[in-house]
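Look at the two complexes coming up: chain A is in both, with chain B in one and chain C in the other.
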Partner chain A sequence: MSSPGFLLRRPASARDAPALHGIDRLGALLTLVGAAGLFLLPFVAFKANRILPGDPRGLEQVLPVWAALTCWATLAAVAAVALLCANASLRLAAALAGLVVIAMALATAANALTPPHNRIVRVAPGAGFWLLLAALGLLATDAITRMRPGPRARVLLLVLFLGVVGLTLAHGTFDNVSVMREYAVNSSAFALAARQHILLSLGSLGAAVIVALPLGIFCHRAPRLQPGVLSALNIIQTIPSIALFGILMAPLGALAAHVPLAAAAGIRGIGAAPAVVALFLYSLLPIVANTVAGLKRVSPATVEAALGMGMTRWQTLRSVELALALPVILTGIRIVLVQNIGLVTVAALIGGGGFGTFVFGGIGQAATDLVLLGAIPTVVLAFSAAVLLDALVERLDRVRQ
Partner chain B sequence: MRRAATLLRLAGLGLLLAFLLAPQLFAPLFAPLTEGGAPPIYDQGNLGMLALAHLATVLAACLGSTVLAVALGILVTRAGGQEFLPLSRAVVSFGQTFPPVAVLALAVPLVGFGEKPTLIALFLYGLLPIFENTVVGLRTCPAAVLEAASGMGMSARQRLLTVELPLAMPLILEGIRISLVINIGTATLGSTVAAKGLGEVIIAGLLSNNTAFVLQGGLATGLMAVLLYDAVAALERRLCRTARID
Partner chain C sequence: MIVIESLTKRYGSATAVDAVSMVIERNSLTVIVGTSGSGKSTLLRMINRLVEPTSGRVLIEGRDTESEPGHTLRRRIGYVIQGHGLFPHRTVAENVATVPRLLKWEEARIRARTEQLLAALQLDPALYSEKYPHQLSGGQQQRVGVARALAAEPAVLLMDEPFGALDPIIREKAQDDLLDIQRKFGTTIVLVTHDIDEAFRLGDRVAVMSEGRLLQYDRPEVLVTRPADSIVARMTGSAERAMRLLSLTTAGEAALPLASDGGKEDAPVVRASASLREVLSELLWRGSEIATIVDENGTPCGRLTVAAILARGRPS
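For the complex of A and B:
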């Protein structure tokens, strides 16, 4: 990959600036951040139980000498690549090697610090670990951006990443790390929360697409009604999520109390029903607005040509207008999905379930590990959704061109 | 049409102020929503003070996001800073992918309960719109204008301050406006970790099963967001007008 051809394919904007005396300035910044994490902050926090504040431990205190030396040597090599090397694939490889090393160091430290058969002691990743993770993650992100992978390659990278993480977790490598300890206690609740979280975000999205797409087409056809519809939807967005969840509890509770059929369908004042309705309402604006914007981009000449070819109004709409507007509509759907995955965490406040149950439970019990058990999967879910839909949008754009 | 809209806004402002300063006037409206003699109007704190605290938190966070996002936006549009663009973009979009609730919860062990976790969460959440709009605004300055400025003997710094930033200002302001409106709503979440604000009213309503509290907290927050949105939009229009006359 280090051929001159690869160098020519680099984005003009990313590498035009001459590096300072051959030193990559971005690499210098990330090296500083990583070094601060490695030398100034604790790598892990040792806690006598899950809610006590952690006792900070450095890398050299928790690892056998050979392991600590290997770790330092690898990170020094990663820093050298980040500082001096311009080849994106090599930078990516270095960043990944660094990530593997700090992950292994964390697992080793957790195993070394935990007495056998002890279920009370907690070894949590410390601030130093998180900072190193951020620096190496950013180095990898930057390298991937410089390589400009196509949509398919990005999805493949995501699947690979999730696969490797999933396999190591399943293998039990990190079982002694605090978050996984918390998972071991809550494993069945975790599976339920994952299912609820995904169902709530996708279900409300699906309902919103069914309503918002026709509404967007209608707004496009009747431009006089457009400002009214869009400002009404805008106003819904300004109502804070916890308030909208709360406001919907009353009418849905009343509905369940007075209409037996609704109650039989699972509609209740607390739980999933108000969450789905609130998320549905929030989802409308981005999809309607993007449908209108997408349809507006289709030139009237194209539509006339389609009609002139003998296509019916319906055929024109489906296979010309909507097809051409699809990337923009999908961008709206991407916004909604990422937003919903984040908002579902709030739904836990009204008994909607999802990963938010762990987050709020963790706040209530002052247990950071439990918060992380809810926060990490939410972030991974939102991030994966963003990558997948971005790739889909780009693929459609390419196909069209 | 324009005058009707102005009147509507003034009416909204009046309504909000009346509600925050003399909430008891509205008690008959909210009374049907309560059950078993629960108070119809929030009685565990002064609504006006809560609204002020709410606004102060949002404005402080927004000021922080604006300074960082605009500075980053300027950096990555200079010749020497272009290599930082992909990374900056990744960082600010990650700030928005990360759910604010999670940021709040993780900030608590570091900075304690209260306003600070909320400030951190809102700061991160508000970066993306301002950053993206700053970058687009600075990039879309007409090349002819930039050349003319350089031809007049302006230094890069002068050109940035007197030509590029003023031209990009409407877009930057729009970014700030989006970020403000999102954050007025998001700030209510801060009350789950004991920040002062209108979220307190909503949470109290959820805890005591009092829909009247939830509704008044939600409506006051929503109204505040709409009014702020309009106020910044008016500022934007004024700036655009000045730019055109010059």
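For the complex of A and C:
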């Protein structure tokens, strides 16, 4: 899974005014995308039941005239700001206003199209809605990037965003939208999947840190072994995830069959065990490589001074070398966490659980809404993890450099 | 007093330091000088056991350095390296407090000591305590490095090319400051350098090393007047040895009594702390035969003639 990097890292060069003859280039692109979504593609798809193909409906077909007009007017104003205005705060406000308007339009459309007490009819967001969402989301994140918020402010923004979305969902505003319908049916399975997903991602990360950190230190101390270890880990990284899950099924199954203790500990050929092992293996390279790189960055004079002051080797490693390498090591951990949150989805194939259960279940039943019920929280989870760890790295780097 | 007894370090078949023996007096400033690869840094690092000797031993105040773990030994010995080696993630105050923290001093004592040292090194504690090393100039970083090394009141201070990263003007100032500090704290200092001028300027005694061996260890003027061999002679500079000799004596030390008539009115005036080399240069420039020496307060305290200076430029 690739992470939406534009929100996470501040651009190296100043890009406050990418304007061309007064017209913002990104704004122009996003306006085109948004306009295409609004006028060429259906805003929602009306389905008689959850697996039938949708009947496309435009905004003007599903909303009262005044509401559709309000919606168009707002989006036109947003486009004007995106095209002509360089003020980042105003751009952010416009993007947020646009997001609120299309969200309300979706909820209104779902409520209007769904007959009372009907649990079979589905109103799904259409391609036009998704394009508008993408364009407005990009506009918002670009505005945030231009405002250059500090690490603390970025975390605050994330919490605010998650809070607003969470409250809206809890309030039931979107209950008639197809994905939320799917959620209502699967709510207990959803909670379980969320727990499994987080546990699998963090558990494999934790195990990887415990092994990879000493391995990285060892590679740093014994530079001769470094190429061997790193290329071995590199090879693991090149195995496709589905293949690795498959490869692990046989030995873990044999282990469970012949070692009663392993079976008692919950190790099976399928399920969480091969998933954790595979994720753990994938996690090693980024952490080991970043630990080595971080330690290499510590100047030999600093280490020599630490030893010369009378620090023991362990004190030097902990309070000087690792302390100085920490931002780089955390960057590796960030890569791994985001990568794992994505890969756990695939682990559902071998019974590992997590949000992937919905994705593959949805593919099996040709139920797009169920696929989305798995995919959307995965993206939100990965995105949140990336923002949090990036903020942490930047905060550490700011103090220490 | 530091006694070094036939200290040797071998790396495989190469000998970095070859059976060096020397005695370093308490409260003295000893300079070990040599070209790169002469083994001078290795010798220094064997004193605090950053490098473990292959054979031989070191006694500090009669106590064998092998009688305790290396890291506790090093907490009692100050250590300053080229490029200061300050911890970039710690503030100036935290850097200075490194060894007292390792020794588990009380916080109040650590704070008092840190402030005292920063003030002694002309770094206003209120201004610099909370700064990070990268916010300081090269000269300031170097002084923090010295403060850090002196924090736990070590009797011995080892310095490995401490001024190597400084530009010439700051360097001279830093050398003067070091002499002040040595007088103030009475620390025994062993300093390694490749710069013979620095060695002559700072050293009470100078040890010349080449290819792992100690060629000569004596007072600077003896190195000039009676070099042990051709390498020492070449290093101390045979072409300018007379001038070097003059640079080792101050005008105050060589001053003749004031003439009864109070001396010539227009005679050049020089400070008692200036070296004879500087006085001679001043006399040549001014075309004068005689200079009046004044003390720190500007009061005349003696005179110097060209003839008297020239007499000092010959081996006695």
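As a convention for this text, the second predicted complex is superposed on the first by the 381 of 401 C-alpha atoms of A that agree within 3 Å, B and C clash if a C-alpha of one lies under 4 Å from a C-alpha of the other, contacts with A are read in each partner's own complex, and residues count from 1 in each chain.
Note that in this section a residue touches a chain if its C-beta (ideal position, glycine included) is under 8 Å from a C-beta of that chain, and two chains touch if they have at least 3 such contacts.
As the structure is a prediction and not an experimental result, all values here were calculated from the model.
**Q** Now for A:Ala323: first (chain B), second (chain C), both, or neither, which partner does it touch?
**A** A:Ala323: touches chain C, not chain B.
**Q** Is it chain B or chain C that touches the larger share of residues in chain A?
**A** With both complexes superposed on chain A, more residues of chain A are touched by B.
**Q** For A:Leu40, is the partner it touches chain B (first), chain C (second), both, or none of the two (neither)?
**A** neither
**Q** Give one of first, second, both or neither to describe whether A:Ala153 is in contact with chain B, with chain C, with both, or with none.
**A** In the superposed model, A:Ala153 contacts neither chain B nor chain C.
**Q** Just checking: does A:Leu69 make contact with chain B only, chain C only, both, or neither of them? Give me first, second, both or neither.
**A** Neither: A:Leu69 stays clear of chain B and chain C.
**Q** Determine, under the contact definition given at the top, whether A:Leu84 touches first (chain B), second (chain C), both, or neither.
**A** In the superposition, A:Leu84 contacts neither chain B nor chain C.
**Q** Note which residues of chain B are touching chain A in the complex, please.
**A** The touching residues are 33, 79-87, 90-91, 93-94, 96-102, 104-106, 108-109, 181, 184-189, 192-193, 199, 202-203, 205-206, 211, 214-215, 217-219, 221-222, 225-226, 229.
**Q** Within the complex, which stretch of chain A touches chain C?
**A** It comes out as residues 299, 301-302, 304-312, 315, 320, 323-324, 399-401.
**Q** Would you mind writing out the residues of chain A in touch with chain B in their complex?
**A** 11, 13-17, 24-26, 53, 138, 141-142, 145-146, 235, 237-244, 246-247, 249-250, 338, 341-343, 345-346, 349-350, 356, 359-360, 362-363, 366, 368, 371-372, 374-375, 378-379, 382-383, 386
**Q** Residue numbers of chain C touching chain A in their complex, please.
**A** 48, 50, 71-76, 79, 81-89, 98-99, 102, 134, 145, 148-149, 158
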